[in-house]
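To start, I am sharing the structure in question, which I have written as structure tokens.
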Amino acid sequence: MDYSITKFLWTLLGLFIVLNWGMLMSSTMRRIGARVAGRYGIPWYQPWIDLVKLYSLRTHLTHGTMFYIGPVFRLMGGVGIFLFLPMVYGNPHWSNYSFSGDLVLILYFQFFGMLGMALGAGEGGQPFSAIGISRGLSQFATIEVPMTLAVISIAIQYQTLSISDIVAAQQGGFMTWTLWTNPLATGAAMLSLLGAFGHSPFNLVKAPNEIPIGPPTEYHGTFLGVLRTNGAILHVAEAALFMNLFFGGAGSWFELIIKTFLIYFWSVFVGTVFPRFRIEQSVRWFLKVPTILGILAIIIFL
Amino acid sequence: MIKKILIIGLLAGVGLIFFDLFNAYQGSEVLGKTGRYYAENGADEVGAANLVTAVIVTYRGLDTLGEVTILFLTAAIISFVLKFRREDFIPNRPVRITSELLDSASQVIVPVIFMVGIYIFINGHLTPGGGFQGGAVIASGVLLMIMANPNFGISHKVIAKVESISGIAFVLIGIMGIFLAGGFLDNRLLGLGNLGELFSAGVIPIIYTFIGLKVGAELSNILGTISHAQNEKN
Amino acid sequence: MEYIIISTGFALALLGLWGILSQKNLIKIILGFTIFNTGINIVMVSIGYVRGKAAPILDVIKPSEAADKIVDPLPQALVLTAIVIGLGVTALMLVYALNLHREKNSLDINSFKDLKW
Amino acid sequence: MVGPIYIIAVALGIAFIMGLFGKSLKNFTGWAMLAGLGFMTYVSGQWLLEFLNNNRAVETIYTAGFKPPYSINLQMGSYEALLTFLINVVGLLGGIYLYKDLKKTGTNAMVVFLVFIMSLNVVVMTRDMFNLFVFLEVGSIATAGLILLDKNGNALQAGMKYLIATGIIAGILLIGTIFAYYFAGSLNIDDILAANLGAAKATVIAVFLIYVSILLELKPFPANGWGIDVYTAANPGIGALVSAASATAMFYVLYKLLPLGGAEWLNYIAVIGGITFVGSNLMGTKQNNPNRLLGYSSIGQIGLLTMILGLSDILGEKLVFVAFGILISHYAAKAGLFWLSGIIKAKDIKGWAALRKSPFLLFLFGTFVFALIGFPPFPSFFGKWELIMTLATGGHWAWMTVILVGSFIEGIYLFRWLGYAIKLDHEELPDFKIEWNKFFPVWVMAIVLYAVGVYVTPMVEGGSFINYIPLMFVLFLFAIDFLPVYIKNTVSIGGIIWYMFHIYPVLEGDLLRLIFAGIFLIGGVLTLMAGYSKKGTRKGFYPMAMMMFAGLIGIIEASTLLEFFFSWELMTAGSYFLIIRGKRSMPHGYSYMLFSIAGAYAILFGFGLAFASGFDTSLAALGSISLLPTLAYTLLAVGFMTKTASLGLHIWLPGAHGEAESDVSPMVSAILLKAGVFGLMILFLYMDRASTGATNLLYVLGWVGALTTLMGNMSAAFQEDAKRLLAYSSVAQLGYILFAISIMTQLGWLAGFTYTINHFMFKAVLFLVIGGIVVKLGTHNMYEMGGMIKKMPFSFVAVLISIIVIGGIPPLSGFAGKWLFYNAILEKGWYFQGAIIFFAGIIAFLYLYKLIHSVFLGQLKDNHRNMKEISAWILIPSYVMIIGIMIFSAFPQYILKPIGNMIAPYFSSEALSWEGTKALTSFGYWDGTTVMIVVGTAFVLLLGWLVALSSKAKKIEQFNIVFAAERPHRPETTHVSYNIYAGYQKALGFLITPFVTAFWDAMSNLVLEVANWLRRIYSGSMQNYALHVVLFIVVFYLIALGGL
């Protein structure tokens, strides 16, 4: 357990990289989406501009304390996952603070941000926020089913919950990736990932195309900026988690960038193809195919 | 219908029980142990020529006490069950005129009946009969009086007095037995005298007299109350 | 001899029981009850009977030979008690019947079903 | 010493004298009667003392100075002394109670009353068959008279029925007697017994006739319509005597004549008793007339006693104790209840709600009901205990079942009745006035129950260990119940704290017990603190609360099975009264009680098996169950699960916890439920885990736990009532715990403990705070709240932290449980149960968010604008708990390490190891402290960053939101709370269709229907009743003697 300042600085650097990569990735994805829809789309540097603009807005309106610190919780969620996640395999500098907990820690730390966000938005008193949150919770409560099953499955497979060990077990070439050694679990997890990233068809939570709805409705300026920042970090971190679990982790930042891009692209790809589900539809959907896959993934180990 | 069949079935069942009892019974050639004891010692222990009396009044005096109590209870219960409010009471309800014969005959017979009754219970320890029989006879006399004159009012006060005093006397004699003789209701308070005489068998004649009075009083009381109850307008 | 008596007793008891179970009129039921009792009393007396023996009264019979000459006095004593008890109960029943008749102006057994279940 | 014969002599003497003077001086007769009763009581009492102190030889009284069998003899032994004393006491009290009524009817009634009691004395004492008959007749004639004390049509009819039935019975007895004389040559009971008439084919009929008539006098089902009518129609004062005195006498007659026929007859008697016990209790369930209900209950109890006599050869020397324990309870309780009924004069048990006007009478009523069901500390409790234990020893499972089922059915109606009395809102309550002469006897009977209970305690095997100190404390609180809340609260808290110090040295070194003791006692202190916020005197609250805590701590202290069960019942009783205090909790308290009784009986059965296996009275006996171990384990587990409200047994909990008072909910939820957990843990630790039965059971329980969790959380998510939401959450949490400890590995148990401790803390906080808010806002519905964060920030923070713990979100201690779960499940290999558990765990977020959002966030309602923070007395204990949570979160090792070490020896593998603050398993690792530090630091930094960016954010008011450029007019329309998970419910709601509730409803309906159908045999026609009697005789004859 090393709380040294150098460790801290390395982690900070990692965070910076992840942040920027996240923004670049999101802009790219939005361009792809636009192209598929036959539009031109935003320039690749748009997110930076947005961020700067949001952070430099002068008006800050708050509905109260919880509303104020809600975004902090949210950002903490993203950053936390990053902190507890070993980024680049085999390199102590990029393993962050993963020594303080294993996979379970990360799985449950996801809720940290969500809860904070939900509470903050809730205090806003905006009905749309509450609606969005209720939808988000409903959906998330089912996404986790296949995810949990997949996690249990790989835990059985590798007899460990420590991410580093799981990655280590996958070293030794392409074919030793969980993707091949345990395709069912991977399938289940990747399907639940769709929900986690909240692109179409599972983006009823904050339906972007209609009137602004969903948790962030009331947030603006700096708060929104914080949320955007978190979004960037969170996407990369989650993608990195999946990379570690199923795609052999990353030996270097380059490998990480490629893999996370592809993982993220997968959800965007599905999103651009399929129309949106209603909540009960998505709930049912996640409890069908992905769950069955997950169950099979466990059965094969019995 | 079904009920009828059921009843018949049940009676058959009870009949079966009785039948089995009947089979179990073979009469008896000699006295049983208890009976023999009475036959052998009754005379000298109790001194009553009528062994049944000896058994009733002395050996099983407690039963007799209970018996008396039952009559007493019945009288008491009846009198408070049939109690009715004054305003419902017609002093002289119109009744069918009793026939001359019954009326005059009763006046002749009743005293005789009473005398017979008294005789029966006084000689209870010598001859068949005793307190209960005598009392019943007396009560029958009372009944005759009531029939002869439906509005004939028996004085409940007097009856109650007789009843209670004789009851108390019975109990007292019983208790005296504990102190002066073998135990509760022992008849050897007084000398047994010689068998067959009137003044023999210890206190049996006395007890039987009281019982006789008591029974007579109670039965008459019951009769009186019931007939009286007819005077209620309903 | 005693067999006839005892069977008569049983028969009477059965008869009385039949009366209790089947008659509708309260008074008749009470009569049935008395018959039932009488039957039982007869049974009791006959139990005490000893073949060819006399009543247990020592007027002619000498106390010394009493044991072989008399019947058992005990059952007779019991019967006396039983009779008196029966008398008491019957009297009570009659009074009840009287009051019930006052209540409902009827003696039909089926008109007294206010209490059930 | 006054000779027993004087009971007869004096009673009759006085009776006759009364006849003499009665007409003239009324008052004299009244006093004469009481004097007579008093004298009888004195005589029998002195004999009783004589037999108790210097056990002298049995006294025989020869009447007429001749030896039996030639003359009648009475006997005064210890039993006779005791029973005559009981009879005379109830006679005296009854005389006092009925004094006015008797006087109104006149001297004759008093005479009858006096003679009635006297006759019962003789019935008990006599040793002569025919004399017995005579005085039975005296008794029944007297009864027939006393029935008419209140002259009404019903009484007349009842009396007639009684006369006819007893007439027939007497006839049968007479025939039996004379034939017994014929066969045995004697009327003396001892001679008849010695003659062994049961042996010969011919003579056995006499035996049968005597048995059947005595049994019929005891009113066996179904030939007892006449008896029930008497109870219904007669003056309750008379009912009391018939039920207490006559029944006692008849019971003793049966006891006297028991050896008449020999062993094989005992079975018949037992069967008849059993049928009567179950049957008449069953019919009681459908009964609403108090007196008639009491009649059913009396007959049921006498049935039980008959059955016990029938089992006498099994019970051996225990017979006397068992019979006495149950008889005395029946005697006192029934007399008391009938007398109460006479005071209240309600035609329907609903009318007993009038009792609320006098709490003391209510207290007496409760006493009697609990005594009848056999709760401690009443003698019936010990009687039943010994009964079950002895039966178990003989391996008579069927009889045990009959007894327990019958007692349970009795509980069904008695507790419905008690519930009505305590809570029912009923129009036209009869209003009654208490005359001292009616009140005093009831009071005495209650005293008798308590006194005898305490007196017999040491007579039970291991009873001497039972610790009465807490009960004394309860009693004391009853004494000071009139004082204002804050005093009693302080006293109670002081008492608990004192007990902590008293008990700590005892438990030191036994960590398991220490933890639960901590939960119970510390929890008790904290939850009680909230009581300071209450005003007034809160009648009855503190004694009951303390009774519950006495029971809880008793369970901890218990070293023997008896102590454990004693305390268990105590706790049940106390908690029942706490729960039913709530405004609308009558039905919920009722179902709680029913489940608790059923559970208690399951436990009792299990304990019986445990005891019978090795005649070991200590708890360790659970370790060596050799008789039907699987059944025993299952029964015990089920019994304990009724308290943990596992799936299938949970339906009582939501209502009970939801409707309870604001500071009762935390007690029963955070603390009481743990008693079940403790029971399960004890069971699991002791039981032989290797056995297939145990392993299967554990496997099943694992599934039950998992499903309970799913059901609980999902139901909670769809609640609109804040407290019910929390209640369902408790169900779910207990499901986690059940699942965890069923895993039976060190990790599993660690998880279990973590959950136990966490749930104790956060549920206490939540129920305290939410309860406080509910009271303050005056509504349970969350959608009527909202925006409270502005008004109650402290409450909000408390709830927020608790929610983070429930959710298992790092860094708080809830996560410890989740992490341990993952490892335990992977280690054990229960993957699918595990998956369900985690699924449920995520569903938890739905209700958690619903709770905190609907209450604290969203739109503040207009009518709440000037709300203040809830009372500090609620917040202080909450924050103590919060601190506890924080410590547990930051330094889990200080608690988990010792627990791990403690339970390690019980399990093969030590799966959890520690590196400083880091917990390691074969699968993963977790470092609570580091997580706390990392998260803390990062959070502070980020917050600082945001503050730096937007230091002076402007506060805007409620309606200033992006609402389609509109301004919402009413908060109600904007506050999104009602049924917010509609979509989810649409998708998955089918999972929680209330099968279980439907099932239990069907069950109860079934019972009631059967009862209703059965009781039709009581058609009301006296002829039918006579028919029943004869039918009983014939059928019994055919079965017993097959017509020879």
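Just so it is clear, A, B, C and D label the chains in written order, and each chain counts residues from 1 on its own.
Note that in this section a contact is a pair of C-beta atoms (placed from the backbone, for glycine too) under 8 Å apart; a residue touches a chain by one contact, two chains touch by 3 or more.
The structure presented is a predicted model; accordingly, all values stated were derived computationally and were not measured.
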#### Entry: Selected interface, B-D versus C-D, where C-beta contact pairs are more numerous
B-D
### Task
Report the inter-chain centroid distance for chain C and chain D in whole angstrom, where each centroid is the mean of the CA atoms.
50
#### Entry: Averaged-CA centre spacing for the pair chain C and chain A, given as whole angstrom
100
### Task
Calculate how many whole Å lie between the centre of chain B and the centre of chain D, each centre taken as the average of the chain's C-alpha atoms.
55
#### Entry: Where chain B and chain C are represented by their mean Cα positions, the distance between them in whole Å
15
#### Entry: Where chain D touches two or more other chains at once, by residue number
130, 134, 137, 141, 144-145, 175, 179, 181-182, 187, 1027, 1030
#### Entry: chain B: positions in contact with at least two other chains
7, 10, 14, 21, 25, 28, 32, 34, 38, 59-60, 63, 66-67, 70, 73-74, 77, 81
#### Entry: Where chain C touches two or more other chains at once, by residue number
13, 17, 21, 47, 74, 78, 81, 85, 88-89, 92, 96, 99
### Query
Each pair of chains that touch: what are they?
A-D, B-C, B-D, C-D
### Task
Would you tell me which residues of chain A are touching chain D in their complex?
1, 3, 55, 59-66, 68-69, 71-72, 75-76, 79-80, 83-84, 97, 99-105, 108-109, 111-112, 114-115, 118-119, 122-128, 130-131, 133-135, 137-138, 140-142, 144-145, 148-149, 152, 155-156, 159-162, 211-212, 217-218, 221-223, 225-226, 278-281, 283-284, 287, 294-295, 298, 302
## Note on the structure
Touching chain C in the complex, chain B uses residues 4, 7, 10-11, 14-15, 18-19, 21-22, 25, 27-32, 34-36, 38-40, 42-44, 49-52, 54-56, 59-60, 63-64, 66-67, 70-71, 73-74, 77-78, 81-82, 126-128, 130, 132, 195-196, 215, 222, 226, 229, 234
### Query
In the complex of these two chains, what residues of chain D are touching chain A?
787, 789-790, 793, 796, 800, 803-804, 807-810, 815, 818-819, 822-823, 825-826, 831-832, 834-835, 838-839, 842-843, 845-846, 849-850, 852-853, 857-859, 916, 918, 922-927, 930-931, 933-935, 938-939, 942-943, 946, 949-950, 952-956, 958-964, 968, 974-977, 980-981, 983-984, 986-988
### Touching residues on chain D, where the partner in the complex is chain B
3, 5-6, 8-9, 12-13, 15-20, 22-23, 61-66, 69-72, 105-106, 108-109, 111-112, 115, 119, 122, 126, 128, 130-131, 134-135, 137-138, 141-142, 144-145, 148, 151, 175, 179, 181-183, 185-187, 202-203, 205, 209, 1027, 1030-1031, 1033-1035, 1037-1038, 1041, 1043-1044
#### Entry: In the complex, chain D residues that touch chain C
130, 134, 137, 141, 144-145, 153-154, 156-160, 163-164, 167-168, 170-171, 174-175, 178-179, 181-182, 187, 229, 232-233, 286-287, 1015-1016, 1018-1023, 1026-1027, 1030
